[in-house]
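Below is one structure; the comments refer to it alone.
To keep things simple, chains are lettered A, B and C as they appear, and every chain counts its residues starting from 1.
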Amino acid sequence: MQALSLQNPVFAAYVVAATLMILKVAAMSWLTVVRMTQVKGGFRSPEDLKRTMFNPSPDPSQLHPNEAVDRVRRIHLNDLENVPFFLVAGLLFVLTDPSLLLARVLFYGYAVTRFLHFFAYITARTHDTRAMMWTPGSLIILYLAGSTLWTALTM
Amino acid sequence: MQALSLQNPVFAAYVVAATLMILKVAAMSWLTVVRMTQVKGGFRSPEDLKRTMFNPSPDPSQLHPNEAVDRVRRIHLNDLENVPFFLVAGLLFVLTDPSLLLARVLFYGYAVTRFLHFFAYITARTHDTRAMMWTPGSLIILYLAGSTLWTALTM
Amino acid sequence: MQALSLQNPVFAAYVVAATLMILKVAAMSWLTVVRMTQVKGGFRSPEDLKRTMFNPSPDPSQLHPNEAVDRVRRIHLNDLENVPFFLVAGLLFVLTDPSLLLARVLFYGYAVTRFLHFFAYITARTHDTRAMMWTPGSLIILYLAGSTLWTALTM
């Protein structure tokens, strides 16, 4: 059987977690748009003060930082620091032929804790709650990459 | 035929779009360098005020934000929020064995609209023009990931 | 032989470099945590001023920019601008069946110069030293993507 075939249940589990994560990150862009529309601000480019359909009543204060928008941007940046590396580490891990149970725990565990991290962050829970939701994902990336490196070096 | 072989025209279309996008993003780093050299500023690290060949006449104002440099950095950040997810979603989509026509429309459409987004942003067109060039790329990522997820869940 | 098998020494070289880079980027998140803990500041979210186990004595100044923390964040952002594109460009390059020697030079050269870039940045060497360590990695990405694009277009 081909490793990178949806017939391979390890790869199928990876694909489910990976595509859910891609949809999640892409949704952050749209959530930024939603919040900028709601608060009519949090813009970043000087030309965004031109009068357009999206912005019929421009005002210089629209370029000031806005916490509602910046919160989504911080979540988005946290995704950029994590998700691309999960996506590649997970794919390479699939090619080391791991056990299906371990792969599912790592892939689905990553996806679940990243969604929990999102909810902790968007609702402004304490740093410690947010950190508790962030840590498993980071450890999973370290395990996926470390285990794959070990396999590559020892075979 | 192997799915991830350049003999597979779907994969070949992905490789063309993916490598063009990687070259585009890497070019943003160099464009930042070009602009920092032109305006002799927009630096970020305190040590960049040391006298060197690159910076023979240091001045504290070189650490101030510079719009010409920051514009490229915003474009670059927009790439980071989008391109890595296209790269992985596109690769996984190839493995679902899509129609060649659909794959070409999505892959080349992504690349073309990202280049248009760059031109709209670098020339400071209105937000609405820029958003019109950004939206197709985001929808393509959502489609690639959503369609791949659906295939993984239903086979 | 399968291209994406650890039996393929070109792919094995890629996997070693790629996983080292993923571990390196993931370590940047933890280094940020270490520095925030050391300086008890450099936080970004208003809720990080709530009294918790991690932050028993909150103070509004903890949300001010902190150079020790921001230095790691700049290194991390530089990684985000580079490493994901190396990861994908390298994987696609493996599929063009390159010579083993060339692949090893590019993959290991990338990893080594990115670690040197880290040391130049974290110890605040001059811009020119840092740039000299950054440039090879960027050129390697451009070569990997350009060479793969050329192969896809000419076969």
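Rule of thumb we're sticking to: contacts are C-beta pairs under 8 Å (C-beta built on N, C-alpha and C of every residue); 3 or more make two chains touch, one makes a residue touch a chain.
Remember, it's a predicted structure, so these values are computed and weren't measured experimentally.
Seen as a C-alpha superposition, chain B sits on chain C after a turn of 120°, to the nearest 5. Taken over every residue number at the interface, the positions common to chain A and chain B amount to under half, indicating a different-residue contact. Once the centre of each chain is set as its mean CA position, chain A and chain B turn out to be 17 Å apart.
In chain C, 4, 80, 84, 88 are the positions where the chain touches two or more neighbouring chains simultaneously.
If you check the complex, the residues on chain A that touch chain C are 3-4, 67, 71, 74, 80-82, 84-85, 88-89, 92, 95-96, 121, 124-128, 130-131, 138, 141-142, 144-146, 148-149, 151-153, 155.
Note for the complex: chain B touches chain C at residues 2, 4-6, 12, 15-16, 18-20, 22-23, 25-26, 28-30, 33, 43-48, 50, 52-55, 76, 80, 83-84, 87-88, 91.
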